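The first chain written gets the first letter, and so on, giving A, B, C and D; residue counts start at 1 in each chain.
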Amino acid sequence: MIQRTISNIGRAWKDLTGATRVRLTGSVRPELPEADRKRLARQIDECLLGRGGVVSERARAADLGHTYSGLDVVGRRRFLELLAAEYGVDEKALSDATAAWTALQRSGNGCVGDMLARCQTIQSDMRAVLTPPRVHLLSRFTALPNGVKFLVDMRAELLPLARTDPQLKGLDEDMKRLFASWFDVGFLELRCITWDAPASLLEKLAHYEAVHAIESWSDIKNRLAPDRRCYAFFHPQLPEEPLIYLWVALVKGLSGNVQELLDVSAPTGNPSEADTAIFYSISNAQAGLAGISFGSFLIKRVVEDLMRDFKNLKAFATLSPIPGFTDWLNEQIAEQGEALLRPSELRRFSELSPDPEGLDLLTAIQRQEGLFRKATIQEATRAPLMRMCAQYVTSAKRGQYARDRVAHFHLSNGARIERINWLADTSTNGMRQSLGMMINYLYKSRDIEDNHEAYSADGRIRTSKSVKALLKQGG
Amino acid sequence: MIQRTISNIGRAWKDLTGATRVRLTGSVRPELPEADRKRLARQIDECLLGRGGVVSERARAADLGHTYSGLDVVGRRRFLELLAAEYGVDEKALSDATAAWTALQRSGNGCVGDMLARCQTIQSDMRAVLTPPRVHLLSRFTALPNGVKFLVDMRAELLPLARTDPQLKGLDEDMKRLFASWFDVGFLELRCITWDAPASLLEKLAHYEAVHAIESWSDIKNRLAPDRRCYAFFHPQLPEEPLIYLWVALVKGLSGNVQELLDVSAPTGNPSEADTAIFYSISNAQAGLAGISFGSFLIKRVVEDLMRDFKNLKAFATLSPIPGFTDWLNEQIAEQGEALLRPSELRRFSELSPDPEGLDLLTAIQRQEGLFRKATIQEATRAPLMRMCAQYVTSAKRGQYARDRVAHFHLSNGARIERINWLADTSTNGMRQSLGMMINYLYKSRDIEDNHEAYSADGRIRTSKSVKALLKQGG
Amino acid sequence: MIQRTISNIGRAWKDLTGATRVRLTGSVRPELPEADRKRLARQIDECLLGRGGVVSERARAADLGHTYSGLDVVGRRRFLELLAAEYGVDEKALSDATAAWTALQRSGNGCVGDMLARCQTIQSDMRAVLTPPRVHLLSRFTALPNGVKFLVDMRAELLPLARTDPQLKGLDEDMKRLFASWFDVGFLELRCITWDAPASLLEKLAHYEAVHAIESWSDIKNRLAPDRRCYAFFHPQLPEEPLIYLWVALVKGLSGNVQELLDVSAPTGNPSEADTAIFYSISNAQAGLAGISFGSFLIKRVVEDLMRDFKNLKAFATLSPIPGFTDWLNEQIAEQGEALLRPSELRRFSELSPDPEGLDLLTAIQRQEGLFRKATIQEATRAPLMRMCAQYVTSAKRGQYARDRVAHFHLSNGARIERINWLADTSTNGMRQSLGMMINYLYKSRDIEDNHEAYSADGRIRTSKSVKALLKQGG
Amino acid sequence: MIQRTISNIGRAWKDLTGATRVRLTGSVRPELPEADRKRLARQIDECLLGRGGVVSERARAADLGHTYSGLDVVGRRRFLELLAAEYGVDEKALSDATAAWTALQRSGNGCVGDMLARCQTIQSDMRAVLTPPRVHLLSRFTALPNGVKFLVDMRAELLPLARTDPQLKGLDEDMKRLFASWFDVGFLELRCITWDAPASLLEKLAHYEAVHAIESWSDIKNRLAPDRRCYAFFHPQLPEEPLIYLWVALVKGLSGNVQELLDVSAPTGNPSEADTAIFYSISNAQAGLAGISFGSFLIKRVVEDLMRDFKNLKAFATLSPIPGFTDWLNEQIAEQGEALLRPSELRRFSELSPDPEGLDLLTAIQRQEGLFRKATIQEATRAPLMRMCAQYVTSAKRGQYARDRVAHFHLSNGARIERINWLADTSTNGMRQSLGMMINYLYKSRDIEDNHEAYSADGRIRTSKSVKALLKQGG
């Protein structure tokens, strides 16, 4: 991961250093050996001292960024570890502040009357102690051109390391908190991206697309045709970088097949005649903003925008992958065995797979892509698989919430499970993760709030009649 | 103050409510009587609960803003008091968190090894507790059109009340902390304002001008002539509102008279021939951003910009008022009496003012504007007044720093006191506050850092030879 | 006139010469004496030769423009006379071409078969001859920054001279033809001007306003209030210069008083509740574009724009001055004497003006402004004056068209005379030209074409019932 | 050709009709049979009558455009023939005007004194007659959205037909004259196109590229790398359509190989270190603007722009194809036979081509692509082919000018022939047209004017020493 983003940081850096005369305090070797580590610590200390006012501060921050970008993978890890170990919360100072609070609470009747100001002072002190030096250090970068992008890319490098190192985890939390404040949804700008958008931006969309890979320029042009829309959030500090983006198809009726939606040779529809907006892909573009959530807000802003522009739209729904279905299915096979299937289904399975016995057909179709191309196999597995899929999204849980992460995302947003689609994504990936099925989640304005509440509070999941019917078939 | 900004909030409100369907929970009377206070508290509670996701949150925040803007002066104070009293830090929860910290510290060897994660959790808990509900509540407004402007104007109303009420002071600190994060200098946009700028913007500049009042459209056009510049900082969330702005004159040599600079009938100079940039006024436009400091950064960005555009510029200096001089002088008169003056000066004073005795002349010229128009008076007082002025800015202190607030601002930024100007601002205000004198503070790139350090660390003030010479004259 | 625009040309010139290295061929004296005239002719000849391609051509055109702008009033007239006399149509060449045409026509059967190509060649030759050298010369200026503005200002200087000098008239016709092609209505850009428009642009609107003088910045701000609109046409080559602009008030019902419309202290209406758009002023900004007509197209584009933005608008009408009424009235008094009035009116007049006899009251009120302030005078004259006014606009003709130039403009555009308003413009100018009356011309979409045809073809004028009623009262 | 542009017109049309309510006068069949032709003529007549003012005019023009766009290839040809045959110059009226002129000239002393006004009137009449009705008709389209683009595409369809039909040729001339006025170089806007330009625009550049075909998006991205530039002219009426564009490479030293320039995998240079700007391709994008020349002006504007941005640039040169070389060579072979070669060359040729005799080698390598891949063949043919190429560009003439159209273009612009490059374009097309050779034409600021004059006046061609040396080698 670090390897991949090093070049990004290099790029961001070019502009960043272009803006200010960098005064190197003596270069540091790429792998940051122990000896250089001390030199780096002195450089950071000077940066924090803030001698000479805001302009010098900027120059020193740029200098430090330059140092970081000159390091290799090993050196960068050491740099981050230094920040994590030496520039965190001052525990002694925190203990002093908590002691002062405890003393105050014991002495009197709480934060009233004369004690109020004292209370506020102690709280301020605590807040100051809980904002460690590294937070001040990183904040300096906002005033550098591309400085925020630099930090975002730095966190992208930090994240995989922080998973296993609690100290780096602490640094990551600090960065995340900073970003949560800077990237407040109120500061984001919604843009509708068209075929007239900068080629450099479209190239980024293709690069970051996480759901249905963009193959070519015809492909992306097709996704920006008059009956398609792409919406993205931008932040003033990263004007050329999309943060998250959503692809929409304006169609008649619920779409149940993503290959049809993406078919370059399909005719272009008239968007003003469409009655349904299908959200068929949503991608985060900045790895360094992981955990800062924009998706829910983006979907709702896009619904507002579309309702204003297209008076004929009646329904807003997704066409979503089911990333965890196959894994769950295999667990079920292992646990329940033949109990998963009804007797008639089991019989039919056995007829079709003379060699293996009954249930093994499900395992077999996962292994032999060719098998699923047979109409008889499809026909026989359709009913049981759709039923199990309905069970999966409605019953498989992580805590009280849906185990499937895509399901969890849309249910949290207040959508309901509207329809399970058979043979909806026949790409290799689609077959692998969900045996080709996809789900439409429906966003219905007047139900969103209640759905959201029911799900957030108790994990209750709303479904359509057709999904309920699938569930009823179950043994 | 509230009275004045109520209309602003009304205006901001129009757009704010235009953007979202407001669901009023039942209207509240303008003076917010006790009975309605409870209803309001329920409204706030619901807002905080955040039922129904981000769009409902926005609608509820807009609703609450609507309630606030419908209140009168009394009602608004009560609204703010409710926020201050009921939605601050949960003291019990804070005590629990501090207790956990104390226990942890006692039990072991600090935040290492296995305890690290536990330490981080407690710190996170503390941070959460120290971010009280009202902060979450106010943060909701960022997602509303004009929501940030609404909060800034709300703080403008809060500020005068907070001066005498410690609880409101706590609320004010929370808002200031929020604003400090949102209005980070890195997020500001520098614009050079010309006569081609929107009339509505120029009207605002005239309205907010704090140093030399703008009289008419010819006046403002003159301040935007080719040999003049105006620079302002803007924030993406307040695109049409200047935050702070700086007026610059491009001239030959140090300017020593502000009336000449502002003379509408004076010929326009050729800016590319100028060797000196004079900063003759800097004004904050948003009362609600008091305490968030932009001035130092603005001056330095402007210097960068001017250096890039005008290769002939050699010097960057201010022409600044001395707001505290007369007050200080009168204190000196009261304390030191005739010791303030040299014998020869005292004699000359007595000759000029047969009626009063000696030193009283200084008091007299403050009272009788006409007196100062006499050449003999001017000539006799020039040397002693300029000397005392030099003493004032270099020696009169508040703690270790300059007592004069304008001097303190520029010295903190790393400027030095370059020249004291006689008869430099002969407006009523200029005569009243500094007997017509003004000061040039010089910003010299290579000295800024050292000057700033010397002043910040020890209060040492750097001056030019001419100012030193004035001081040496002193008895 | 020349005097006034010289400074404009000077200004335009600054940029123009900034763009290209001017190679002066030897300077020419300001009054362009005979000796220098020959030098100038050589300069023009070189310019026309076009040696060295397009860049050299530009440099030479800039050079020539520089020469022109350095001349005084006398010199400029001589410059224009030189262009008019020496660089017009080559009469000999024209005679040759016409002879060729005549010969061809006599010889055969017209422009068919083999002769077609020959016909076309002769026509091409004629066109070439009829595009004289000065037209090629002036066309060179389009490639200079501000070059088109330079030519427009040059024609503004030429126009008053051309009125009495047939040769200059010929030059003027050439310029007008060039401008008619460049300023084709299809190339104009419509902009809606608001209080957010550049101050420099609003200053121009105030400067060029021809109907109701703009007194102050409050006045212009009031004309740009939310219930007001200003629309202007711009041309890509003069991006900062309005060509023509129209002021609109969005009101309820037909406005009958312009002072009320312009009252700075009147409350601002809600434009979305307005049912009527009143066009109360239209001004040409470029004197040099006289005779190139934009007004009709502007009004129609504005109607389209308003209909799209304000669904409640039912009527589009003007509130227009009647510039020729008083002159016509005095002619009628001289011609018809007491026959102008009914006996009862005559009686009432005599009672009110004991000194003069009867009809003289009409003359008297034109001379003594004070007289009209008397309610009795107003009441007595109202009926006869409104009747005469109706007669004036409907019956006073120039050829078959309305004699009043404002009436002629709106009737040509397809409007009808809707209402005559008493005491509608009580400014000095309003009283002088029309004894305070103004007219509403109504633009009704579905009648415009027929009205236009009826008027264009036969001079038939459409009026409302109320105007017909006024006419019926007539003796 | 018509076939291809029909779809363009269809596209242009969509917007055009979107803007105005089209009132169809009864639809016309696609192939425009004789019966419908009369109906069409009536529609045109009504359009010309201009009843109902400017808005109705627009509607009727849109209607007519709609009719045209609904026709098939045959119908469109008939439409154009109708315009050409029936709406041209009124010959009778022209004869009348010429007769008036002849009479006037005979009667008197020419256009002086009292006769001046009469002369001007007759000239005006002639101009009016020589501006036939179809010109007025076509001019109506400027006021329609996309109307100008519609006409440009219409002319693209007309041009191939006009080559063989003199009447259509007349219509074409009228259109060309209109376009020459509208697309005056002074009205064009120069834009520098980067990788941040709209994808839709880059797609057009790829589509219209006439010199070195653009293969893919990597290819176009490479041509927009930091050491590359693309400049294009746009017109305000066709804001999204490039008219002509020029590709530039910023390199060190003269480039002699176009495949190297276009190599996607080559490293990107630092443009600020480049000393040479190579113009390696220029393409017209609008077939309908044939004969309206922008190229020379574009090159000169680009040179100005580059000189301003890159202070290190010393030379501006092309790397150009030699489209006519092979054709000319074959003519020479046919005419001169072995005399083309020196005896030693002839010997060497015979050795290499045992089968054919001597000179046939040149013919052989044109037929067998593989032959040229042999180093021995390349080595043997290099000297004689480069010599002949030098002879071709300097001596082969069409009239007094260079026969090669690319050479003619650059020599007309004032460039000189700087260098002939061996194996400079080894693409199939490059081998076919010039056996792989290309030419650098040098634009040297201080020589451009003289070179242009020498070539324009007498066809004299300026060359470098190296080209002269090649010529001297010749027998």
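Going forward, contacts are C-beta pairs under 8 Å (C-beta built on N, C-alpha and C of every residue); 3 or more make two chains touch, one makes a residue touch a chain.
Everything numeric in this text was worked out from a predicted model, so none of it was measured.
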Graph distance between subunit A and subunit C, where chains that touch are linked: 2
Interface copy of C-D among A-B, B-C or A-D, judged by whether over half of the contact pairs recur: A-B
Distance between chain centroids, defined by C-alpha means - subunit A, subunit D (Å): 51
Cα-centroid distance, subunit A relative to subunit B, in whole angstrom: 41
Euclidean distance of C-alpha centroids - subunit B vs subunit D, Å: 62
Shared interface positions of subunit B, touching two or more other chains: none
Chain contact topology (line, ring, star, complete or other): ring
Those chain pairs that satisfy the touch definition: A-B, A-D, B-C, C-D
Residue ranges of subunit B touching subunit A (in the complex, touch as defined): 51-56, 89, 91, 94-95, 98-99, 101-102, 105, 110-111, 116-117, 119-120, 123-124, 126-127, 130, 139, 141-144, 147-148, 166-167, 169-170, 173, 177, 181-182, 184-187, 189, 236-237, 296-297, 300, 412-414, 448-450, 452-453
Subunit C-facing residues of subunit B, complex: 195-203, 217, 220-221, 240
